Structure formats: C-alpha cells, structure tokens
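A single structure is presented below for examination.
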Amino acid sequence: MAGAALEIRDLSAGYGPVRALRHVSLTLPEGSVVAVLGSNGAGKSTLLRAISRTLSFHGGAVTGGTVAFDGRPLTGLTPDRVVAAGLCQVPEGRQVFARMTVADNLRAGALGATGNRAAQAAALRRVHELFPVLAERAGQRAGLLSGGEQQMLAVGRALMAGPKLLLLDEPSLGLAPLMAQRIAETVTEINAQGTAVLLVEQNAAIALRLASHAYVLDVGEVVLSGPADELAASDEVRRRYLGVVDEDAAADASEAVAAHRTLSVWEGK
Amino acid sequence: MSDPIKRLRRPALWTAGAVLLLALPFYLDRFWLQAGLFAMAAAIGAIGLNLLTGSTGQLSMGHAFFLAVGAYGYCVLAGDSTGTLTGLNLPSWLAAVLAVALAGVAGGLFSPIAGRLQGAYLGIATLALIFIGQHVLFNAHDLTGGFNGRDVPPLSLFGVTFDESELLVAAVPFGSAEKLWYVALLALAGCALFARGVLRGRPGRAMNAIRDHRIAAGVLGVPVARYRAGVFVLSSMYAGLAGVLLALVFQRTVPEYFGMILSLEYLAMIVIGGLGSVAGAVVGAVFVSLLPQLLTRYSDALPLVSAPGTGGVAPGEASRYLYGAAVVAVVLFLPGGLVRPAFRRRKTTTSEESP
Amino acid sequence: MTTFAELLLNGISIGSVYALIALGFVVIFRATEVVNFAHASLLLAGGYVTAVLHDDIGFWLALLAGIGGAAAVGAGVEFLVMRRYRGSNHSVLAIVTIGVDILLTTELTRRIGTDVLALGDPWGDSVLTVAGVSVAHTRIAAFVAAGLLITAFLLAFRLTSWGVAMRAAAENSETAALMGVRLGRVSLGAWAVAGGLAAVAALFLTVFPTPGLERSTSLAAMKAFPAAILGGLDSTTGALVGGFLVGITESLATGYQGDLTFLGRGIGDLAPYLVMVAVLLVRPAGLFGTKELARV
Amino acid sequence: MSTEAPVLEVRDLTVRFAGLTALDGIGFTVRPGTVHAVIGPNGAGKSTCFNVLSGVYRATSGSVRFGGEELTGLPAHRIADLGVARTFQNLALPPGATVEDSLMLGRHRLTRTGFVAAGLGLPSAVREEARHRERVREIAAFVGLEDQLARPAGTLPYGQQKLAELARALCMEPKLLLLDEPVAGMTAGERRATAAVVAGVRDSLGISIVLVEHDMGVVMRLADSVTVLDFGRLIADGTPASVQSDPAVVRAYLGEEATS
Amino acid sequence: SSKAKDSGKDGDKPSAGGIKTGQGVTDKTIKLGVLTDMTGVYASLGKSVTQAQQLYVKQVNADGGICGRKVELVVRDHGYDPQKAVSGYTELSPQVLGFAQFIGSPFVAAVKQRVDGQDKGLVIPQAWSASLLGSPYIRVIGNTYDVETINAVDFLMKEKGLKKGDKLGHVYFEGDYGENALAGAKYAAEEAGLTVVEQKIKPTDNDMTAQVAALKKAGVKGVVISAGPRQAASFVGVATAVKLQAPIIGNNSAFSPQLLATQAGPALMKNYYVASPTQPIGTDSPDAKKLVADYKAAYPSDALDNGVVAGWTAASVFGEALKKACTAKDLTREGVDKALLTIDAYDSGFGTTHDFTDPKAPSSRQTVVLQPDKKVTGGMKVVREAEVSKAAESFTVGG
C-alpha cells in the first residue's frame, strides 16, 4: 500500500462548549477512497471542516490533534492554503453561489486550480459531459437551479479544481437514483486518475461499494473502522446504515409506527 | 450563591435603578438632565429603529425624517397661528398623540415603496426621505418656520405645564428639564416594555422570520407585506414620539437637526447596543448621545488636547476621534453589541494553532 | 435650445465625476456586499495627497502618489478594521465604515484646516466651446477617465478571475475559501482599488469649476449614492449610467428651477433622489443590478 | 374531527420561466388522507410544483383546487391559512432562532395576537402563547426533537434540521402537507424513523400528504399513489408498484440497476 | 446633597468696589461664553473668530482687565450640531455673563426663548440675519444681510452699469442667510426697477455651471451671490470661462482669501466684489495694522480673513459694554445689557460706526465694497468706502 496521503491523529474539535469530535484518528492512503459513516450529528461535517480549516466560520475550533497531508501539517493554515495544498471540499448542503451564473460558479471552482488554461478547459468539458444540464444552463443563476442541479453544480465546481484529495460531504444528497449512480461512477473514475477521495455519505451502500476503507463515527468518536467490505458485512452497519432489515418492508413500517408516539389532533381554537 | 438570592437579585437591581432614575432630577444640574433627556428620547427612537432594522431586517437610513414629522407635527398641532406661522392650537397632550399618529401615517405612506426594496437599496431609498424632509422643512415656511425653525409649545398634562415656570418640589426648583424628565422616563419605560412584548410574542417571531427568510415566512402564513408595513408604521411612531420629546427638550425645532447624520447616529446606536434587542437600543442610545457630550464637556481634561490655534488637537476634534474609534471598537470587539458581550465566544486562531 | 444642450452636457460632465465615485462604491459592494460610507474620506485622502505634493513633484506624479496614498489608506482600513469583524451582518459593517469615516475625515479636515487646496491640474479653467455650448476641459478629462476606468473594470470583472473571486467571497465567504479564494487578499485588493478610484474622483471633483479641495469636499461624495443605487450597487455599467442620470437630473432641475418653483426652490439636490426612488419602484435592484432571488 | 382534509386537484398546470418550461400541463389528484408521491429526475419540476401549490410561484396556466378554493393566484400566506403546509428542499430555518421559536412560528396562522396585544402583554396573548407552546412541545416530542427545543436551529446537524422543518410544518396543523425530500441527508435508520413519523401523521391526523423524495424505499413504503414527472411532463401515474415497473420510469429515473 | 434652593445664593450681590455682580462675574474674573464651530461646516469662520477674540481678551487682560477683573473665555465647539449647541448653551449659561460669540443662527433661535425669558445674558451671534433682530439681549453687529445686499445692488447700479429694467441674478443659499439677502435683493430691485432671477443652492453644491448657464440664458446684467466662498469662486470662474458679461458681487460670507491661491484666483480678482459690514483686515488704519501684527504673531500659520475682523469687533463691542457697565457699577447681566443700549457711535477701528440703542435695527447700515487682491493682507482692498444707499436707509429691516 502506498504511503498515507491524509493522516489525522487524535483530532478534537468543538463549537464553543459543544464537543463535536473527540480524538479522531483516520488514515487515508494515497490514491484511495475512504468513507466516513455516521448518523446525524456524529461529527462527519465537523471532521471535513476541521480538515479544510473552515470551522471558524461556524464558531468552532480545533482543540487538539493534527492533520497532515502528504506529510505536511495542515494545522494552522488558512482555508485557501489548504486548497493550495491540493485538498478540495464539496461542502454539505450544496452552497452554490446563488446569485452567480452557473458558468461563474464553475469558474469560481477553478480559482484554486493549479493547472493551465488548457487543463481548465478540459476540466470544464468533463464537467459538462458529466452534467449536461450545467452546460445548458450556463447563463442561469445558480440559485434558480433545482436542488439536484445545484448539487451537481457543487460537485462539478469541485472537479474544476483538479485536487489531489477530494473531500465530499454527502455528494448524492437530493440526487435522483440515476444521478447518484453517475456520481458514484465519477468518484471511481477520478480516483482511477489518481485523486484520493474522502467520502461522507448517508447512502452507505454506495459509500461502502466505492471505498476501500471506512470509518464509522458516533457522537464524535470513531466506533468502527476497517476495510469497507468487512464493515459492510457487520450487523451493526447493516442495520443502522445500510437499512437492511430482516422483516419485509410492511412489517418494518408498522413496527416503526407502533414504536412511535402518535400525535393527537389539535382541538384548540 | 444560593438560589433565592439569585432570584431576588434582578428585581432588586431593577428597583434600585428605578429609584435612582426617579431621584436624579433632585441632584443633577440642567446640563446633565438635558443630556439625559436627549438620551431618553434617542432611546425611544432607537427602540423603534431596532424593531425595523434589527428585528425585521429593513435597513432604514431615513429615520430622522420621522423624528422630524413628530417634532414638527407637534409644533403645528399645538402651536398658535401667529403672523406667518400656522398652528392648530390643540391641547398639547392631544397634539403629542396626534403627532405620533402622524409619524405613523407618514411611515404608512412610505411603506409601499419600502415593501418593494431590500437591504442596501431600501437603506438608500429611505435616505431620499431625509432629503425630501429637509426640502419641505426649509420651504414650507408657514408650517415649519423655515431655516430657523419654530418654537415648541410646552406640554401641559393634568394641569402641569412643562415649561420654565418653576415649581418647588422638596425645596428643589423644578424647571422644564426636571419636569420633563419624568415624562420621558415614563414614555421610555412604556415604549421599552411594549417593544419587548412585541418582540417576544407572535409579531416578533413573524418579524424575525421576515428578516431571516422572507419567502418561507409567507409560506408559514405570515402576511409579509402587511407585516412589513405594520412594522414600518410602528417604528415611525416610535420615531415620532422621540421627535416630540426632543422638540420639548429643545424648545425649538430646527431643520438642520433632522439630517442624515442624525439617521446614521440612530443606526450606530442600535448596532452598538445590539441589533434586535430592546435593551441594546437603550444602551446604544445612551452611549451614542452621551459620549460626545461627555467628551466635549471634559475635553479640557483630556490628554493631548490643546487650545485651538496652538496646532494641537482641538477638543471638538478629539471628541470626534474618540467617537469614531468607539463605534469601530465596539462593533469589532463586541460583535453582538454592548448588551451581548458574551453572546458568542470567539475562538481565537491561537487555540487552533496549538497542536 | 442651447441652454438645454448646455445643461445636458453639463449634466453628463458632472455625471462622469459621480460615476467615478459610484464605481468606488460598486467595487467594495461587489467584493464585500458592504455599502462603504468611508468612501468620502478616501476621496479626501487621495485629493489631499495630490494637493500637497503637486508643487514639489509635478501634477502627474502627485496624482499617482494620491492614488497610491488613497489605495494605502483603503487597504489599511480593510486590514485594520474590516477584516477583524467576525460577524456576517453587512449592515453592521456599513456602520463600522461610518465610524472609520468619522476618524479619517476628522484627521484629514484637521490637516486641511481652513485651506482651499489646488490640485495643480494641467487643464486650468479652459473651456471648449462648440456651437455656443461650452464644456470645461476638466470635465472632458473626467468623461474620458470615467469611460476608460469603467470599461477597464467591466472587462476585469468579466474576464479575470478577480471578479469571480470577489463575488464569490461576497456571497458566501466560507465556500469561497473552500474554492481557494484568499478572502483577505480579495477584500484588501477591493479596498485598495476603491481608494485609488477615490483619488481619481477626488481630482475631478475638486478641479475647475469647483475651487479646490477643502474640508467639505467629502460631502459631495454623498451625491454619488443615488447614482450607485440607480444603476445597481453591483454593476459597473450601472455606476456609469447612474452617474449620468444623476448628473443630468441635477443639472436640468437646477437650470430650470425657475420654471419649477411650484416644487419649492433648490430642487436640484432633491431631484436625483426622486428619480432614484422612481427607478427603484420599477426595478428594485436598480437598472443593472442583480435581482433578488425568488426561489426556495 | 379527523379526515376533514379536502381533495387536492391539480389540472393542466404549466409553469414557464424565461425560455424554460418547468411544468408542462401536468395534473394529478390527491385523495384525502393519502400519501401521494411525486418523483422524477432532478430538474423535473417537482419543487416547482410545490412552489405553485404553496403560492411561491405563479402558474403560467392551469388550476389547483383544494377543496372549494382555487389556489393559483392566492398569495402564500392565504394558502397557508387554508391549511397547506410545506417543508423546503433547501433548508429555510432561521439559523439564530431556537428550535422552539421556529416551531412557534408555525403556529402563526393559528394564533391571533397582534402588535397591540403582544406589546401590552394582554392576558389573552399570554394565555394563547402558553397554550400553543404546549402543543409545540407535543409535536417536537412526536418527531423526536424534544431535547433540542432550546438550541439554535442552525447548530443542529443537517438531518435534524430537516426534522425541525417537518415539525414546523406540522405545527401549522395542516390539512395538506407538502414534504420536499424529507429524508435527504439521513442514514437508513433515521430514514426509517422519519418515514414512520410521516406514516404516523397520516394515520393519526388523517391529512393528505404530498411527498417528493428520491429515496425509493421510503416512497414505496409510504406512498398510496405516485406521479412521475420528467422534464416537466407527466410520464407515469399509478400505484407504487405499477410505477416502479414502468419502463419509461425506469429509463428516465430509476436506472436499470435499481430494479435489478 | 440635592440642589435645593438655599435663599440668597442666586441673587445678584454687591461686591468689591460696590459693583453689583451676578452670574459669571467674581471679584477676579469675568467669564464669557463662546459657542463656536471649529469642526463643522463653519469651521474656518469659527476658528478665525475665536482666535481673534482670544487675542482681544489676552490684550485686555494684559492691560489690567476690565473693572479690575480678568476676562476669561469659556469655549465650546459644537461642530454645527444643534444638540451640542443647545447643550453647550445649557452648560455655559449658568456660569458666564454673556456670550461673545454664538455661531449658527438656527441655534441662536433655538435658545432665544430662554435668553429672552429668563437668562437675559448678552449674546452676540456670528450671523447677520435680520431674523435675529428684535431681542434686547441678542445683538447683531454690523449691517444685516438684507441691508448689505441692498447696498451691494446700489454699488452695481452706480458703478458697474446695471440699469433700470435690467435683470439681476441672485444665487443664494437655502436658509436664512440666503433668504434674508434675497429679501434685500428684491427690495433693492423693486426700488430700482430691476427683475430678480433667483437661483437657490445648497451648501453642498460646489459646481455652479448649471447656475451660470441658467442666469446666462436669462440674460442677467449683474449677479449677487449670497453663498459660501466656494460657490462664489466656482460661479465667478465659470462665468469668466463662458463669458457671462456681468459684474458679480457677493456678501461678506462669500469670500475667503484662501481662494486666491486656487484656479479661480485670477477670475476673482478681475470680476468679483464683496460687500462687507466693515473694512477688510488689510485696511490702512493703525488699529487694523496692529491687529494684523498681533494676530500674525499669535497665530503665525493661520490666514487673516474677515472672521478675524468680525471676532475682534464682537469682542471689543462686548468689552466696551463691560466698561460702560463697570462705570455704572453694575456688572450684572441687566447692567451689561443696559450699558450696550447706551452705546450709539462705537467704532472698532474698521471704518463703520455702530449704534446699539435700538434692538430692532442692525447696529449699522453701512457697507464697504471690497475687491479681492492677492497683494493685500487678507486678500481684499477697498473699492468703495462705507456708505449707506438710499434704498438701505428707507428699508425697514426684517419687515
């Protein structure tokens, strides 16, 4: 196995009094795809923010531990330096530049790129191939795109930078099944071209299929980690993240309903 | 600290504060009372502006206009018709009430324009109000008295006239400033409580929703246009009341006062005190209106300040430096305003850098 | 009709000066979404440096120094003040610029004192008269400068990544940082550029037909507010068109105030604001500004 | 008291933006007390449809009838008054307000306190406030947010923010609930829980629900009927099972893999 | 302790030398208030006036003071802000005898009620608007703007070829300065059969191109400017450039010597006149020469302008009243007010005589016409000595 591209040791982070990450260690070997799973609030997005050093935008901070990329510590850098070091993130919740056109959003994606004009043109062509709708709507303002189209734009924008390591925070959020598959293929493809990927995904099935290694976070701590196929076989992961349940769907639903409180009708006036 | 003490501390503080405020006219000289009155009037206006700008997110740089409507409205309604000036000679308390209503009407008339605009565009559009206001104040001589303004008829309420005629209370001569002090205090308390009620209740939530997400607010059943207009009217009425009070303190209204600087000062008040909070508006108003007064008054005692003509920094300049610096410093170092110093503890980069 | 033509021409010529000032607002607004109330003091700073130096080093060098000086002041403001603000409310930042403006203006007016400073421009009070209509050479220069600068900025915003970076940073600084935008540098650059522009605007604001730079020169910057808004706060083209519209409105309203007495005399200053409100009623984001999004 | 929900009838609905037809004469009917799913590829026009139903967009043509009322042309707050509530695909929670206040905002249409009553703190206002806070807590408990009520909504993880949106919509005591991708950003377990909440709403309140969702598992589990859109046109309509095996749907939306 | 009234504390009391004194006067000092503007729009005026008054006080004190007491100025800079001005008045009025300077006629108007009603201290405003006349306590020194303008029009007619039936352009500030001057211009025009073409401007207007164009179109044969120095400079500059063939005269506030160093300098010296209530600072009298020398010595870096004369005159009038009051052994406020009313022919050394016996009239109707000249100290030379025109004599001020 090649050397570790991203090396996280004992990372802790929090938002004021809230401790969102505790002593998280994670290794991402060069040229690999690593998935991070976890339920709501587990700290996945916090982890990515800590790597990209944007926690301060949310009133949070790293309180301990180190992050190194290619042997270089990222701790203490500004977010743009992290980008310059070759890391690029697709943040959670799309975050397209709503008032800028689609084309300008893609140009913004290329701001941190190191490649020359030709490389950028090639990147743009690839993004357009991947998401034809972005070519069609080049002149439309990004904020007017549909949710899924915005997600495509967010991913496409990150691809424009041509990073060494791509951090993806729920790239398939709100994408139709067909499109989610296409994203998965893209991840495989860019990985094949040498880009390492750190993938945070709710769609654990896809994530575990793409990744070589996976980590499971719970309340800020790594509770499980290992090769993706092993994790995919574990009961805990199957139940909580893959949604594989033994009963058939109907029984499952009725069981869930029974387990849940019911809401009385509001009588007030 | 045991719980009952903790619980009693707030009311005790409030009572002490109230007693102090009530006692001040017996001790302070007229200069300080006047300064306090300016601050109280400003606080009322600032609360109103904070309802609009802080809580509903509608930037207004035209608040001085509504202050002017209140001030001049009162003068015209309560004043006599003399020579070139028109006046309706209404009972002064009624005039004050109507002047506030008039300011509300003015706000209502502008609200269709305000309803269409957002952010900086709204802000600068309201700036137009200032220019319109100044134009009218300078030109409508028979109503406003033009450049030199017009006299403000004293308020009389329950048989007490709030003018210079001296009234002995506990051997202390009560002139207009002393008497008005209590009116202003009452008005301020009323306005603050009212605004607090509005902000904490259903209207306040709707206002915040409009500020944070206009479309979602509509979908949740908030009639956005109506609410925006309503807040604009309410805020103008606050400004109108502030204008009436200011007029009573000044005893003369002059157009020069109701210019852009005044509007910007009100904005500075709410930002310094804390956007969206009543206490913030009050604190900010006190800060902004007392600071220059203090600085000018004690300029002689300030270091580095020298008499005019000797080449050093003149007192007036020194006070402007300090004022400007105070505005910058408060906003930078207390981002939530003076009343919320610990609102969001800022993480310094140093802690991030430590391994 | 030469009076009309003269007034129109005069409006366009003073309008180019307003356009230059408005362009300064636009640059800062695009990069930070902040309405910069300190622009007036940048103007004063640029003019002051030029005025003080022109005797010793000649006009053109002094102008360069003025541009550099004002750019440095602008950059200083960004570095010392704007950058330190950690919140995200743009109205709050606008208020901070008011504080900055008070500080800078106080310092500069103290330096200027009661003087009226000449800027030593080469145009003097010469005028060009064509068909009975005359325009000052300074104003022709202003027109040319405004046209060139605004075209240059238009192209720079369109063609270079600087414009994209600026807008990205203004709209969503966190995401912009994730794209590798150096937030500090972008806004520092914008402030410096705005300072430089202010120095150029100060030049044309204080040369003939106005007597020179003095303490109240900065007040004239206020007239560029309606210009910037009319055109759209984030549009360079808007600054130009807005400047012209304000200039022409003002000029015509002043020139024909004798025929407009029913509105009260002295309507010239008010007229631009009335036009502005009228335009905003039809186009709430100005003539060329980016419209608000209406999608959820 | 329950199952009072009227029928929702969408007829020939067309929405055009400059040079783009987002919805092209679509129509469907939502029977009272059922869950109706609207699915389709990204950009098919699902959210646009919601935007028309909730008064954010104006339809170019067509009609939307809810009970006796024609919704097209009504402003958003009037539609809300009729009992139509929705969630947003891109979150629309004020980041600074607490979850409780955000939910109280949902009660806006059910409360009456105006500026004067609130300002003066009239007893009626105080009483109303207390009563509705009670209900808000009930609803928060129902969706599982009872512990987060005092937190600013912006600090919740993404998945819980989606839940808060759902709770806010429930706080409107709607007759028609429009859910735009309610389970996006959730893990499988959470999806199941949220689906259960939605099913619980339908069963205990008897209201109609229109659901836009890309998670076919959830759609299959919850929906009584499904409408499929593609490029603004209706390409299939029917029961979940029939739609799932419709070749056009498979081609445009599901992909071969999903069916295998 | 509270500020409860202890009897007798407030009343006037006789003191050393049997002289009655009141507020602002002790056995050692006489305190005078100065409410000036050194940081606002009238900063240049305020600075000159204040410095001249400080110079006056220094010299008076060096000569032993007045009535055996040192005169002391308490200066407050209000920066032309109404709130600060009124606060300054409130602060100072209990502790000073009167005000040797009060800049800003709106602010003077704002405290007029209090001055007339209870305070009754002498206030000398630095403004020459007729609206300030009428109070026995607020006394304007020198001709008011209306009278000055009438005299200015008279000058244009007598010496610059303006004829009956001609059009007279008037560019004036919004506000009482401009409007008071306009009243004068209208009166003069009616008397002389002229038509006034009005152009109202604001202090923020610095470019007079549109105004020149409008007046040129109207075909005016003479122009009066009742605005600030900048507006005058711009107007004259543009008028020269577009060859508006008409003499231009401004009120005394419409010129400052600093302008002569700017582009507009040559044009101003060629075609611009200034009407003034007194002779200029550079006039050829011993008093003036001494003032120039002293002022230069005290404030070497500051310009000599009209403000110096105005400040000096105001201070010396106040001083004169104090001296008279001292003779009458009454240094109370009433005493000083009364003393001033007895002064009927005072000359501060700048060519005009003042008569303070009638509070309803300006202290003088004489106007001196000056012309900018770079070579002279203070930048202005006299072209017509103090004179009252017929129209000005028959004019009822403020009427």
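Order of writing sets the labels: A, B, C, D and E. Residues in every chain begin at 1.
Basically, a contact is a pair of C-beta atoms (placed from the backbone, for glycine too) under 8 Å apart; a residue touches a chain by one contact, two chains touch by 3 or more.
Note that the structure is a prediction, hence the values are computed from the model and not measured.
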{"item": "Partner chains that chain C and chain D have in common", "value": "A, B"}
{"item": "Chain whose average C-alpha position is farthest from chain A's own", "value": "E"}
{"item": "Most remote chain, CA-based centroid, reference being chain D", "value": "E"}
{"item": "Chain pair showing more contacts of the two, A-C and A-D", "value": "A-D"}
{"item": "Chain D-chain E separation of Cα centroids, rounded to whole Å", "value": "74"}
{"item": "For chain A paired with chain D, centre-to-centre distance based on mean C-alpha positions, whole Å", "value": "26"}
{"item": "Centroid distance [mean C-alpha coordinates] between chain E and chain B, Å", "value": "35"}
{"item": "Centre-to-centre distance between chain D and chain B (centres being mean Cα positions), rounded to whole Å", "value": "43"}
{"item": "Multi-chain contact sites of chain B, meaning residues that touch two or more partners", "value": "138, 215-216, 219, 314, 317, 320, 346"}
{"item": "Per-residue multi-chain contacts in chain D, two or more chains", "value": "47, 56, 88-90, 92"}
{"item": "Where chain E touches two or more other chains at once, by residue number", "value": "39, 47, 174, 302"}
{"item": "For the chain B and chain C complex, residues of the former touching the latter", "value": "53, 59, 113, 116-121, 123-125, 127-128, 131-132, 135-136, 138-140, 215-216, 219, 260, 264, 267-268, 271-272, 275, 313-314, 317, 320-321, 323-328, 331-332, 335-336, 346"}
{"item": "List of chain C residues in touch with chain B within their complex", "value": "29, 33, 35, 37, 81, 84-87, 89-92, 94-96, 98-103, 106-107, 110, 222, 225-226, 228-229, 233, 264-267, 269-270, 273-274, 276-277, 280-281, 284-286, 289, 292, 294, 296"}
{"item": "Sites on chain C touched by chain A in the complex", "value": "161, 164-165, 167-168, 171-184, 290, 293, 295"}
{"item": "Complex contact set, residues of chain B against chain E", "value": "26-31, 34-35, 38, 138, 146-149, 151, 164, 168, 170-173, 250-252, 254-257, 261, 289, 292-293, 296-297, 307-309, 311, 314-317, 320"}
{"item": "Complex interface listing, chain C residues touching chain E", "value": "3, 6-7, 10-11, 13-14, 106, 109, 113-118, 124-127, 129, 134, 136, 205, 207-212, 214-217, 219-220, 222-223, 250-251, 254-258, 265-266, 268-269"}
